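Heads up, there are several structures right after this.
Two complexes follow with chain A in common, the first pairing it with chain B and the second with chain C.
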Partner chain A sequence: MKILAEITDVRINGRGGQGAVTASRLLAEAAILEGQYVHAFPNFGPERAGAPVTSFARISPEPFYEKTEVYEPHIVVVIDPTLLDDVPVVEGLRDGGTIVVNYDGEKDSLVKYFEGVHANIYKVAGSIIATEEIGRNVPNLVMLGALIKVTKLVKVESLIKVTLNRFKGVLGEKNVVAINRAFEEVE
Partner chain B sequence: MSGVRQVVGMTGDEAVAHAVKLVNPDVVAAYPITPQTIIVERYSDFVNNGEVDTSFISVESEHSAMSACVGASLTGARVFTATASAGLALMYEILYVASGMRCPIVLAVANRAFSAPINIHGECTDQLVCRDASWVSLFGESAQEAYDETILSFKIAEHPDVMLPAMFGIEGFIVTHALERVETLSKQQVEDFIPASRMVRDRFCPDENKTFGSLVLQDYYMEIKRQQEEAMQNAYKVTKDAMQEFSEMSGRKMEIIEKYQLEDADYAFVSYGATAGNAKAVVDRLRAKGEKVGALKIRLFRPFPSLDIFQALSGIKAATILDRSATFGSPGTIVQTDIASALYGKENVPSLHGYINGLGGRVLTLPEIEEVYEISKEYNNIGMTSTTDWVGYRK
Partner chain C sequence: MVVKQETKSMTGNDAASYAALFAKPEVIAAYPITPQTTIVENLSRFVDEGKLEAEFIIVESEHSALAACMGAAWSGVRTFTATSSQGLLYMSENVFWTGYGRLPIIMPVVNRCLAPGWNIWPDFQDSMAFRDAGWIQMYTKNNQEVFDTTLQAFKISESKDIALPSMPCLDGFVISHTTGQVDLPDPEDAFEFIGPYDDPIIELDVENPWAYGSMTGPDQYSKNRRDLMVAMERAKKKIVDVHKEFEERFGRSYGNGLVEPYGDDEADLTLVTLGTIGDEAHEAIDRLKVEGHSVNALRVRTFRPFPVEDIVEFAKKNHKLVVIDRAASFGHEGPLRIEVEAVLKRHNVDTSVSGKIMGLGGEDVPYSAIIDLAKKELKE
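Take a look at the complex of A and B:
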């Protein structure tokens, strides 16, 4: 009997212009670099700058076939803290799953948003890190740094490699500094 | 066999563009349309950067794109274009000119629903309705298959026994815009697989007195059409052989139909494109529950591999045909009616249960596919040999 592939489904909730699509792509590229199998894609709709958007990455160490959209993610990454009030970010999140939020308040106040949700909740001050290290509030890759620390989905070295490949020069280096900081500071 | 395989993350559209780059056709004439646009955008980058020798012709419509392709092809050029949905519909008139004038043009289709209502998402109706246009027609499940079929299509189309245009389709967004791992080929591998330039018997050339596209009435029209049918029949063996050669060259098994867990199966899914991936995933889930079920994926749609499909489904009790295309007032789904024709009058064949699903990008989830499987079994149990339903919509 064939063992079913162990697939991890990731959903990234962001706002148009924050790089949710780039984040799912680079996460998937890092996984490919490690010999993993992926299917990563944005949810294409009428996106506008600032409107809520989602992107997805399906990752497995083994080949897999399914090509459906992601409705029941194991992991949710929230790039923009204002989404917590506007969008049901835990929709479909698997029981015992993981949610990583860009949040600069105390963790206790974040946990209140997820009352009754059985999930591992993490936060990192992504916007502050992005603003300080990159010079702009674009925390998409910062959040990946936090994500991979708590899920070990890919190695940080792999994420850094694909980041430097995508963003040449200073911008790439600044993102790497920010990724490393999020990796250290996530709680 | 290849040496070290290079693995790259690419979307389906990017995979097509990079594969065309290795082929380096003489002419690309195209008009952008979602979800195909990335193919020609990337390719125009390659042209602009001098990475290919291709003449890139920007045109004002898909009708003009295919017309330019025909003109270029008649001069002996190797030609590529890409389109989707309304763009393919606008090309429709010229599709018949391309095949009738025996132009081995290669066309990538980013399968997308037709308007109205306007919709940009995945559905394969656009390509399936070109079934009678005398084009070789293939479907791909993944970015890898998009990459491979791009190169394969030139080999089939330009074969002297075929000399017909070829199209291959990948579904909008779920393949065209999704990142997957793609094992790439080297320039040398592609050059060894297809000749550096087309072999040309007749071509439009200022130095030669030849006529192309002349009026042919009752006297010879039918003979010319009959030659197209013979070419299409030849394309069956040419495709089989080309896939065999491609498999040996790439180390990736490629067949006109793919059989998954069918050896001991009592029941089967039949599908094509990305849906075939979902069908295989459901087979794994059902097998884990002890169901004897397999999946058949159709990669070559025209010429239709009737014999292969009959052999693959022989001994199966019931076949669940997942067809991501719309047809109205038809005796079955588009692919179901072909399969029914292929099996008609034969012994030991399954009951056929066609399901129109996934229109306009609607997702038929894996649990929904399992439900459909149970419905097929029930139909079969009560002796229904042919059914057609719409599934995955609000009733």
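Take a look at the complex of A and C:
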């Protein structure tokens, strides 16, 4: 009998212009490098700068067929901390799933946002890292650094490779420094 | 022998534009429309970067986009455009002119529903409206198939014994804006597969002037249309042959090119599908099998010409068909169901047929909805 594919669904919550779609695509590209099978897609439709947006990555070690939207992600990444007050970022998150938040406060104060949620909660000060290392508050790839540390979805080497491929020169190198720092600092 | 290929990460629209890039069309004319836009954006960039030597004609509307392609096709060069939804409707006069004029233009349609209400999400109402326009229509299920089908379309359409335009169809957003892996051959290998268009079906020849679209009396007109019917019939074999040749060279296949069966040859229930719902149905069938249900599928890859023989053959071995349409013929049923039912009746196949219209205006069709449908049909 055919074994059903072991799929991991990732949802990235961000705001228009923060690179949520780029993040989901680079995560997918990194997975492809490792021979995994992927889909990465935006929340279909028009996007406005600053408005809450979502993008998705579906990753599996085996080929898969499904194309349905992601309703129950295994993993949620929150790129923008201001979303915590505006958007139900844990909506649909699977029981025992993982949420990684860009948050520069104490972890205890983050946990209070998720009372009653049975999930692994992680945080990293993504905006601070991005501002210090890249020179701009664009923490989309920084958050991937934190994500792959705690989920091991792809190797950090793969993420660095696709990042340098996408962003040539200094910008790519700065993003790599930021990714590595988030990889170390996530808690 | 299968040629070397490299796995790339790209959207369905990227896949369509790479197939066009590798085919080296000499003229591209296009007008942007969501969700098609990135196909021609890519091609415009390829031309700008010098990767593609083509005349990229910027026009003020879809009607002109196809008109420019028609002129180019009459002059005897390989031509390409792409559109969606309202854009396809706006070029409709020329869509029929292209089909009835036997011009081998390749035009992916990124399926998007029709207004009102204003909506950019997928269903097949747009391309289905051009079922009778004399174009080959092939519906794809994923990014890889978009690349493969678009490449095959050049070889099929430009054959002198076919001389028909092709409309590879891809679900808006679900394919067009979803990134996935696509195995890309070297551009040279892809080009070699279709070959140069150096012996055109029709070409501008000042020594031997022709008039195009002149007044045509009933005798010649009806002969032209009958020729088109025969060419469509011939196209079935051509699609199978080109698909087979493609498989030998690139190692990928989609059934026989006309239909793609999935699962056991015989099952209690057969899902008949088009487009990405075909892929979603595979997932549903695998899950139903785990629960002990016997369901298989037949994805209609080529809708025009309609694969009558393959549908009859598959239906004969099975017991009950449920046809999932992503469009409606108002006042009747879904277009695929209408045609499947008619074909079985004509060929005295008594397999029962029912149908469901799903996914209009981008309504998501998850495997869970297909599983629910299948279980309901199995009970009845």
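In this text, the second predicted complex is superposed on the first by the 187 of 187 C-alpha atoms of A that agree within 3 Å, B and C clash if a C-alpha of one lies under 4 Å from a C-alpha of the other, contacts with A are read in each partner's own complex, and residues count from 1 in each chain.
The working rule: a contact is a pair of C-beta atoms (placed from the backbone, for glycine too) under 8 Å apart; a residue touches a chain by one contact, two chains touch by 3 or more.
Not measured: the values here are computed from a predicted model.
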Clash or fit (per the criteria above) of chain B with chain C on chain A: clash
First (chain B), second (chain C), both or neither touched by A:A23: neither
Partner chain(s) touched by A:V101 [first = chain B, second = chain C, both, neither]: neither
Partner chain in contact with A:V138 - chain B first, chain C second, else both or neither: neither
Contacts of A:L84 with chain B and chain C, given as first, second, both or neither: neither
Common interface positions of chain A, toward chain B and toward chain C: 1-2, 4, 24-25, 28-29, 32, 37-42, 44, 64-69, 71
Complex interface listing, chain C residues touching chain A: 7, 9, 120-121, 142, 173-174, 177-181, 276, 279-280, 282-283, 286-287, 289-290, 362, 364-368
Residue ranges of chain A in contact with chain B within the complex: 1-2, 4-5, 24-25, 28-29, 32, 35, 37-42, 44, 64-69, 71
For the chain A and chain C complex, residues of the former touching the latter: 1-2, 4, 24-25, 28-29, 32, 37-42, 44-46, 64-69, 71
Chain B - residues contacting chain A, complex: 7-9, 120-121, 141-142, 173-175, 177-181, 274-278, 280-281, 284-285, 287-288, 363-366
